[in-house]
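I've put the structures underneath this note.
Presented sequentially are two complexes of chain A, the first with chain B as partner and the second with chain C.
Let's turn to the complex of A and B:
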C-alpha cells in the first residue's frame, strides 16, 4: 500500500440523518468502542481503591521505605537492570536481522520472515522453558539475572526486528541510490544513510520492546526458579527481585498488608509503562510528520 | 556482514532450540510423559477459557472496529484507537491481580455459584486483554476495502447499513476472521491471567463456573512447585502446536482478498 493510499480515509462518517437505523447502529458501535475503555478504567480504579482501603497510606509508605532493597525500590532497580541488559542484547540482534532481511534479494527471505512472524506468536511461557534449559542449565548461569535477561532478549527480539524492518522499508529508495551514485559501498550506505534515516522507527520499536520486557512475568516465573530455595544466590544477580515477580510473590502471600504492597507495585509498573508508551507515540508522530512533510 | 548473518540466523536457531527442547524434554526413557489426568482436559480447558473470552471480546471488538473504520471522524479516531490499544499494553500480571482481587470476588457475590478462581473470571479479564487485537486488526481490514466499492454500493441506492452488510463486511471477511484467530491465539498463550485466575483443579473439570486448568496454568503452577518435570514439556509442546496452528490460519487469511476483488 502506498503512502497516499494510507493517508486517504475510507470511512464515510456518520450515516445521513434520515437513515434512522444506520444512525442507531453507529451510536451502538460508538458505545461498544467506549465500553472496554470504561470497564478497564473502572476495574483498575476498583483495584487501586481496594489497595487504598486495605492499609493506611502513611503506614504503607513507611513500610515501603523501611523494606529498602528487599522491597519495592529494590525490585524497581532490579527491573531496570534486567530490562536494560535484555535490550542491550536484543537490539543488535533484532536490527541486524532486519537489515539482513531487507538487504537486496536474499535467498530464503520469505522463510526467514515467516519464521520471525511465527516466533512472535509463540506463547511467552515457552520462552521461559527455552531460557531454563539453555541458559540456566546448559550454560550454567544458574537462576540469575543474566539468564533472565537473555531469555527476555529472545522474547523481545522479534518485536524489535519487525519494527526495524518496517522502518527500513519506509526509507525511500532514492536515498540509497544517491548513496550508491556517490560511490559508497553497500555497507557504507546501510550504516551512514539507511540506518540514520530509519532510526526513529527503530527506536519506537525498541521502546515497545522495553515496555513488553518490563511487564513480562511468565518466562521469569520459570527462569527465576521460584520453587528452588533462593538461598543459593549467584554473583550474576537475583531475578526474583524484579517488579512483576515481586507483585506475583506478594499476591501469593496470605496476609492483607502484602496485597496492599502488591497494589503499590502495580502503580509503579503502570506509571512507568504510561511514560514509555507516551514517549513511543510522540516519537512515532514526530517521525511521521517529518516524513510526510 | 558476518554479524548480520549471525543475527539473521538467531531466530532460526531459537525456533530449532524451542522445538528440540520441548520434544526432548517430553520424552522420558522412550515414553511420552503425559500430565496426571492426560492432555485432553488441559487442551479442552484452554479451548474453553479462550473460546469464552473470544465470545465476549469478538462482538464488542467488531462493533468498535466498525465504529473506528466506518463512522468515526479522523480526529476522534486519533484518540480512541490508542486508548483501546492501551488495554493490550497493560502487563498481564496487573490483569491477573484485577481478576483475583476485583472481578472474581464481585462475580462470586453476584452469582454465588461462581467461584472466585474460575474459568469465567479468567475469560472475562482475558476478553478485555484481547479486545484491542480484534478491533485494531478488523479496523485495518475494513480500511483496506477500497472506497470505490462503497461508493458503487451507495450509487446503486443502498443505505449505509446495507452497504456495510452486503459489500464492506464480505470484502473484509478474511481479515476479520484472521483478527479473531489471532485474538484466540493470544488468549490461549496467556499465562499469568490463567495461572492466577483460572485456578488449579487437577481433575480437569470443564465447568466454567469452577476452577479450570489450562495448558499455560499447568506450566505456570508447575514452575512454582518443583523443577520442571517431563509432563510440563508435553503441555508446553501441545501449547506450541495449538497456538501455532491458530496463528498459521490467521497468517494465511490476512493476505487473502475477500469478495469483490
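Let's turn to the complex of A and C:
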C-alpha cells in the first residue's frame, strides 16, 4: 500500500509509527541508549585484546595467584576503606546542605545553590589541588589517608547534595503540612517526615557518589603525593594503596608484566563498580516496591 | 453574632498572599462542642480562613495575617503563643488524605505524639499505652475493626476513605479541643463520605469542629451553624436551619439555591 492509499483507506491519517518525525525520534532515542553499551563493549574488547596478546596468560594468572594478588586485593580493600571514610564525611554534609537549601528562604540562598550545583561540575584535579593545599599543607595532615578521604568527600559532597535536594523537593507538601498540623516543629518534620520519605532519592545520590569516589585517581595522585613518593602510612592506612592509583602506577612501569597486572586491576575496578551499582540498584528497587505497597 | 463563651472568637481577621488580599475583616464566634460549617464558592477564602485559626497560613511564603483569633479568650497570635503548641490544641484534617507513607497504620496514629517528642505519650513511649491510644483513636473513627489485624501494614495500603479516617484518628490521638476540617470529603466517594459524616455526628459532642465544604447538602446535614463566605468576606453567619430555609442575604439565597458557584 502506498502512503496515499493508506490514508484514504482509514480516513484517520497515518498510524504514528509511519510518521517520519516520530520514527526519527525513536531511532535517535535508540542510538542514544545504545551509546553507553557500545562504549562499554569497546572498552572491554580492548582489554581482552590486550590481554590476549600477552605472552603467557598462564604465567600472569600464576603470578597474580602468588604475589600480584596481594597488591591487587590490598588496593581493593584500600579503596573500599577510603571510599567509606569519604562517604561518611560527605553524606551528612551533603544532606545537611540540601536541607538548608530547601528550607525557608534566606538571603543569599540562591547564590549558595548555584555555587553548589557548579561544584558538582568542577574537574576533579582541582579538588586534588585544593586537598593538597588545604588538608595536606595548611592543616598539616600530610599525605595521609585522612587528607585523601577529606578531599574525596569534598569532591562527592555536591553530588550527594544535588541529589538530596531533588529528593527533598519531591516530598509532597501535604506530608509537611500534616506534620506541622500535628504540632511538630520544623526540625521534627524534617527529621521524621521529610527525610524518611526522601531516603530513596538521597540513597541514589550516595550511590553515584560512591561510584565516583571509587574510580577517582587524579585528586588522589596529588593528595597521596605519589609524584614525590612520600605518602605517609598511618594506623588508618595509606592513601597510595587504592585501586585507581594501583592501576596508574602499574601502567607507568615499562615492563610488560606490569601492564598485565594493570589490566587485571582495571577488570577488578570495573567488576567492583558493577557489583556495587547492581547491589545499590536492587536496594533502591526494594525500597520503592515497599513504598508502592 | 455574639454568643456567650465561644470556643473561638474571630475579630477583624484579614489575610494576604503577598499583595493579594484573600480575607477581609472576618468577625464571628464559633460555639464550643458544635459543628460550624464554612461554605462558599471556590476561591472565597474559606480554606485560608481555617488555616488562620491554627496558624498554618503563616507557613506559606509571603503570607500575612491581621486581626484577632481567640481560643478560649486568648489571642493565638500573641507573641507568647508557640504555633506548635497551638496546633496540638487545634487539630487539622486536609482535603487530600495525607497519611505518612513511610509509616505503618499504627505509627500514623501515634505520629502526632511521636513527632512532638515521645514524652508526650503517657508514661513514655511504652507500647502498652501506645496500644491504648491507637485503639481508642481508631475506634473513634470506626476504623478499628477494619484494620485491627494489620496495624503494622503501611498506611498507603488503605483505601482513600480509610486513609482519610486514619488522618482524622491521627489528629484525634493528640487530643485536640478544636478540629479543623478542610473539605475532608472532597476526594472521597459517596459511601466513604457518608461514613465520615456519621463520624462527625459522633465527634460533635466532644470537639469543636469547623468544617469547610463546597457541598451545601453536607453543610445542611452535619452542621449546627453555617457561615457563607464570598470573595473573602463573611456574608452571613447563622444557625444552619435558618440559613438553609430563610437566608437573610440575597447572595446567600442565590448561592444555596444554585444560581451561582
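In this text, the second predicted complex is superposed on the first by the 218 of 293 C-alpha atoms of A that agree within 3 Å, B and C clash if a C-alpha of one lies under 4 Å from a C-alpha of the other, contacts with A are read in each partner's own complex, and residues count from 1 in each chain.
The rule is simple: a residue touches a chain if its C-beta (ideal position, glycine included) is under 8 Å from a C-beta of that chain, and two chains touch if they have at least 3 such contacts.
It should be emphasised that the depicted structure is a prediction, and the values quoted were computed from it without experimental measurement.
*Asks:* When the two structures are overlaid on chain A, which partner does A:30 contact: first (chain B), second (chain C), both, or neither?
*Replies:* Touch partner of A:30: chain B, not chain C.
*Asks:* Give one of first, second, both or neither to describe whether A:126 is in contact with chain B, with chain C, with both, or with none.
*Replies:* It touches chain B, and chain C stays clear.
*Asks:* Please tell me which partner, chain B or chain C, touches more residues of chain A.
*Replies:* For chain A, the partner with the higher number of touched residues is B.
*Asks:* Contact-wise, after the overlay, does A:181 reach chain B, chain C, both or neither (first, second, both, neither)?
*Replies:* The second partner, chain C, only.
*Asks:* Classify the contacts of A:193 with the two partner chains as first (chain B alone), second (chain C alone), both, or neither.
*Replies:* Touch partner of A:193: chain C, not chain B.
*Asks:* With touch defined as at the start, can you tell me which chain A residues reach chain B in the complex?
*Replies:* 1, 8-16, 19, 21-22, 25-26, 28-30, 32-37, 39-40, 43-44, 46-47, 50, 92-97, 99-101, 103, 112, 114-119, 121-130, 132-134, 154, 157-158, 161, 187, 211, 214-218, 221-222, 225-228, 244, 247-248, 251-252, 259, 262-263, 266, 269-270, 273, 277, 281
*Asks:* Any idea which chain B residues touch chain A in the complex?
*Replies:* Against chain A, the touching part of chain B is residues 1, 3-8, 10-12, 14-15, 17-18, 21-22, 25, 59-60, 63-64, 66-74, 77, 80, 82-84, 86-87, 89-94, 96-98, 100-103, 128, 131-132, 135, 142-147, 150, 159-161, 185, 188-192, 195-196, 216, 219-220, 223-228, 232-233, 236, 239-240, 243-244, 247-248, 251.
*Asks:* Provide the residue numbers of chain A that touch chain C in the complex, in ascending order.
*Replies:* Touching chain C: residues 104-105, 172, 174-175, 177-185, 188-189, 192-193, 196-197, 199, 290-291, 293 of chain A.
*Asks:* Under the touch definition given earlier, write down the residues of chain C that touch chain A in their complex.
*Replies:* Residue positions touching the partner: 54, 56, 59, 61, 84-88, 91-92, 94, 96, 98-102, 111-112, 114-117, 154, 156-157, 167, 170-171, 174.
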